[in-house]
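Note that the chains take the letters A, B, C and D in the order they are written out, and that residue 1 is the start of every chain.
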Amino acid sequence: MLELALFSLLNGLVFGMLLFMLSSGLTLIFGMMGVLNFAHASFYMLGAYFAYTLGASVDFWPALLLAPLLVGGLGALVERFGLRRVHRFGHVAELIFTFGVAILVEEVVQLVWGRPAKSYEAPAVLDFALFRLADNAFPAYKGFMLLVAVGIFLFLFGVFTRTRAGLIIQASLTHPGMVAMLGHNVPRVFMVVFGVGSALAGLAGVIAGPVLGTFPGMAQVLGSIVFVVVVIGGLGSLTGAFIASLAIGVIQTSAVALDLSLGTTAASLGLPVDGGGALQDLWRVTIAQVAPMLPYLLLVLVLIVRPTGLFGTRET
Amino acid sequence: MSKAKRGLIGVLVLAVVAWLAPGAMSADPIRVAYIDPLSGPFAATGENGLKQFRYAADQINRAGGVLGRQVEIVPFDNKVSPQESLIQLKKVIGDGIPFLFQGNSSGVAHAISDAVQKHNERNPGSRVLYLNYSAVDPALTNEKCHFWHFRFDAHADMKMAALTDVIKANAKIKKIYVIGQDYSFGKAVADAAVKMLGQKRPDIQIVGNELHPIGKVKDFSPYVQKIIASGADAVITGNWGADMVNLAKAANDGGLKVPFYTYYAASDGVTAAIGAAGVDRIRLVHESHPGNPDAPKPLADHIAGYKKLHANNDINQARIHTALNMLALAVKKAGSTDADKVAAALEGMEWTNLSGDHVVMRPDDHQLLMPIYISVHTNKGIKFDYDNSGFGLSLESKIERDKATLPAACTMKRPS
Amino acid sequence: MTPAIELVDVHKDFGGTPIIRGVSLAIEAGTRQALIGPNGAGKSTLFNLITGKHAVSRGRIRLKGEDITGLRPYAINRRGLSRSFQVTNIFPWLSVLENVRCSVLWALGYRYSFWQRVERARDVQERADAVLEQLNLTARRHVPAGVLSYAEQRALEIGITIAGGADVILLDEPTSGMSRSETEQVVQLIREVTAGKTLVMVEHDMSVVFDLADRIAVLVYGEVIAHDTPERIRASAAVQEAYLGVPQTTG
Amino acid sequence: MSAPAPATTRHVEVAATASWTHRLRRLGVWLAAGALLLALPHVVRNPVAVPVMNQMGIAVVFALSYNMLLGQGGMLSFGHAVYFGLGGFIAAHVLNLAGPGGLYLPVPVLPLVGGLGGLLFAALFGSFSTRRAGTVFAMISLGVGELIAASSLIFDGFFGGEEGVTTNRTRAPLLLGLEFTTDRQVYYLIAGWALVAAALMYSFSRTPVGRMANAVRDNAERAEFVGYSARWVRFVSFCAAGFFAGVAGGLFAINYEILTAENLGLNASGAVLLMTYIGGIGYFVGPILGAVVFTFLQSMLSDYTGIWLLYLGIMFLATVLFVPAGLAGLIAMHLPAWRAGRLRTLAAPYALTALVALVTAAGVIGLLELVHFVVSTSPSRTTMRLFWMTVPARTLAPWLGFAAAAAAGALGVRWAAPRAAAAFAAASRPPGAP
């Protein structure tokens, strides 16, 4: 049982750090531009597909660098020629625009790469078990994912606390509108931030593709969960995004290990359960079954109690 | 800017006009509708099915057609949505097409079956036949059966009966883990597994019976760890699509070596995506010979001919050939395309399929009875691979027809 | 007679910084009360406390004798208190007429009605027409409020405030950013629409203050240092020292 | 914060005076709409038209209810299908209770049951989600949408699992002898309900709470200072929107006699957002136009191409980028020119622009279809049908041809568009202006 708990925790950590790579970019974009970017996970998907294609022609390692750069460039273009145009129609229009981009990217991916899942594999160098405990193996590639994610985290942390640009960005997260006062070229800053955020998402796609699958629906699977992370953590709060990412990652993986249901819980407490009626399923459902729903439940609850999210200071 | 929109409106007006104009009158060929996903995430499956239907229709047509008429497959895109399927069904009926094939998703199958039954009862003048080539919910030929529905695939319980026969014979299996998607099919597989194993091998322990949300699980590692922790000797799953691929990959990564008995872990990209992760681990329960290592001649010719036309697709549903040919034969026997007459002709019809098996359409519930095969995912001795991946299915065992037949549980009401 | 507004030892701090430090003030019904003080003295904050936009940290606020501490803005408005804003705060996409109509609906008892149609409500129509006439905006009634000129928007701001017929009116710098002639018009408008009501206003323009007000309260660093008639305020040494001694910019 | 100046294309809430002529004219509009709806199935001869029009009618009610939130109330919801679906499920269950020996509930009343179901759940979820507008509201709606969608696959008892809940409208007792066996009979029911629901929703927008919904959308803070609780105003709008979404769900239950999980899923919620936005959220008729066009494209485009979703996506993005006021906004834009009697001066420049735009579109569509063909078919197949031609898809010529058409068209648009815009500006100038 102990190794199950340990592996759950490790897997939760890997998944949580992956979420952070996505949510950091999203929260950065939201914090500075006020745009909730529905297309963020689409850039994640593009990262995986670009790496798949590049990996076939060059190799995984150059692709690890090139694919995020390409995705970042694409993100900057979307900002420059799409979002900036829509900006004057207000935030709802911006949100709806990114919603449209998400649909379009999914369709274009299907057009170019086809509908079936792609066999995007981890590099052979990393195809071994890092360590074994009881019968469980921890693949080296997951270790690598964790390493990259921690690297990105440290990098972001360094940039934000040690560099001038980072300080400006941090300031503008809490006081949007301040960047303009500092005399910076705001549109250019927006474009760069959007590009960097997209590139981060792309990188997440490159490293997650081999594990979570590379298929046209991969953006949708992850898209709303990243939203949940960012909103629960508090819009515009990097700390919040980090903590929420890890929390959601660990909650989701460890909930799978729990076979408790309302029925069994009630029974173990000695309460008789009347298993009939339209709600009979309520007693049957286990925590493991509802694991992927938990983030949404958490989202609704957090927003009811604290509309700013756990670490946020702003509502919209 | 407004001009682009103008143009679009122009196109729209033209489209509306074209649509309002009465459609062309039905010509000579016998038209057969095909309602399945041709766009969206499941389009690959739907398109491959359509190609196999057209391939089979071309063979019939080259041999002179039916009643001197050609067979034409008319595709309708349902996006695997029950609602969209019903809209397409209305088009089929409106166009006067008497036969329709559908197979992807039991949810859609129920919607279509129910709608066809209601339509036929309310409109005796324009009845249609629903020919189900792939939706395997047992209820369709049991409690929900009706005269205008026929199924050409073995349903989930038949497959499970065959599978549990194989497991029964394997003394090494003592503990079984059942995992599936949390919806009707996943639950039906789980229930059937528990019930039949309990009858055939009461000594086997079901160490896990897990349902996970469909299409929502991002990482299957936690599930794999649970399976490992349970000490299972084999896994049974009805998972399909990305849920199947990711489960197989997580099993490989997590070092889980036991066999997986599956229903849908092959072709349409799944074989390629699973790749080396599934070798000697994934097993498939299906209704046709897998083509390896030694395919019966008709099947080998059929596959080879198809590959020549569609290098990127596979014959993964040999029953399509069976279904279309049995329909053609029924039309021939009935001497017309009248739905009631053709249905009557189909009842009890016998046929020898590409695998060389004798199959029969049971009149009591309109379920085709056939032998069932269990194959293993491998790259050894593969002549006909899937997805051009070098991986394919190789025959492990065959369960004869009488062993795979379950009693009919349908009260069929025939039109007087 | 109970005062229209009564503040009892009101405190407010933001994040530990005290902004209002124990204000007690009684404003008699029917008077025109001005609130003056240097920038940052807490005048607008005091308005926000009275109208329920912010909650007080300590102390009580009474409206016509009734305790309104902690009530939401709409609840306070329904008890007969209405305010305007220093920065124009209107319904930009609605027409001018709609702006005014929306401001009279609650007062005329329509509440959350979804069974009556606004354009068939005669009393709403008449009241809105009268207000538009007073504001001199009748000709602009169908224009979206967001495209009005600045002076027109300021007039509309006052119109929204008084349309509901509240008898206690709070105006936050009604003449800010206006030219001399525009200011005169607004002062005239205020005089008309608040006749017989209690008026409380924050104003920087001293000529307006001494022209309009019956009573003046001087707020400095979150405390009321004087509250008296204009003449006495003008003469008060304390005010001279603390406030009027500082050179004033008007307008 | 100063109020932003509304863009000129934005709908001005013109207050209707209660004059006689005005009321008469408005009554005329509704009567004309009714007459048109009555006549349509007799005019349109295509056998598929009636089922598609039924679908349109349902979509119209649904989209109008959605716009009560987005356009009227400024609430961006990603979970409106929840109320449509739940209303529909409840209606389907109730219909199953009706019939001989059961409940006396004729079919024409059923949408009301759906509406009450939608209202019930809207009141439940609205009680906490309408406290805020903006992002918080949008995110709660997303969370609720995901939760309900996920539970629909878990709670078989109510949602019927993957098969959904089926029902049979012919088993219900008759009212005034009205039968509902054919699509055409159902059409009249849907048309009638759609007309009534649209009229009610229009009326709602003219009531005190409807007007205040606009006010709260514009400026929630100010609304609180004129006596209205922004939360209550939003809540009432939300409940009303839930009610009419439920009515649409009830109509769906009658028309299709089945409800499945997809009816309350995120895709359904996304679709209603798309159709409403394409139609134009600033206008009452916007969602109607959007629903009709969207439904038409959705059910017809797929007959012609496998990548129709891509075209729909492109169209949606183009709308957001170039015509944020939607189809209705596009039409409303031309009202000044029409009033001034100068619409005719636009014909030539518009036709020219439309022509070159069509060439561009043909080029782009051709290229996309070529890509689609090459990616999705085997190398052995070399020719495809495209624009009534047989095209050798694996040779360079068609690619160059379509690329040339796209490029030439684009150049043409760059040349023609400013002229059309200038013509528009000239035609829209108010009479008397220089």
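Annotations for the structure displayed:
Basically, contacts are C-beta pairs under 8 Å (C-beta built on N, C-alpha and C of every residue); 3 or more make two chains touch, one makes a residue touch a chain.
Just so it is clear, the model here is predicted, and its values are computed rather than measured.
Chains that count as touching both chain B and chain D, per the definition above, are A. Steps from chain B to chain C, taking the shortest chain of touch contacts, total 2. A straight line joining the Cα centres of chain A and chain B is 35 Å long. The distance from the centre of chain C to the centre of chain D, each centre being the mean of the chain's C-alpha atoms, comes to 43 Å. Inter-chain spacing, taken between the CA centroids of chain A and chain C, is 48 Å. Our note on geometry: chain A versus chain D, Cα centroid distance of 31 Å, whole angstroms. Looking at chain D, residues 150, 154, 156, 307, 309, 376 sit in touch with two or more other chains. In chain A, the residues that reach two or more other chains under the touch definition are 110, 114, 289-290, 292-293.
Under the contact definition stated at the top, the residues of chain B that touch 2 or more other chains are 43, 182, 213, 216.
Chain contacts here follow an irregular pattern that is not a line, a ring, a star or a complete set.
Chains touching one another, given as pairs, are A-B, A-D, B-D, C-D.
Here chain D touches chain A in the complex through residues 7, 70, 74, 76, 128, 131-132, 134-136, 138-140, 142-144, 146-147, 150-151, 154-158, 266, 270, 273, 277, 307, 309-310, 312-314, 316-317, 320-321, 324, 368, 371-372, 375-376, going by the rule given at the top. Chain contact summary for the complex, chain C toward chain D: residues 51, 53, 72-74, 77-78, 82-83, 85, 87-95, 97-98, 101-103, 105-107, 110-121, 125, 141-147, 153, 160, 163-164.
Within the complex, the chain D residues that touch chain C are 1-6, 10-18, 203-204, 206-212, 214-215, 217-219, 221-229, 232-233, 236, 240. Those residues of chain D that touch chain B in the shared complex are 44-49, 51-52, 55, 150, 153-154, 156, 161-164, 166, 168, 170, 181-183, 252, 256-258, 260, 262-263, 293, 296, 299-300, 302-303, 306-309, 315, 318-319, 322-323, 327, 330, 333, 350, 353-355, 357-358, 360-361, 376-381, 413, 416-417, 420-421, 424.
Within the complex formed with chain D, the chain B residues making contact are 1-12, 15-16, 19-23, 38-40, 43, 47, 76-77, 79, 81-84, 86-87, 90-91, 93-95, 105-107, 110-111, 114-115, 118, 122-123, 137, 139, 182-185, 187, 213-214, 216, 308-313.
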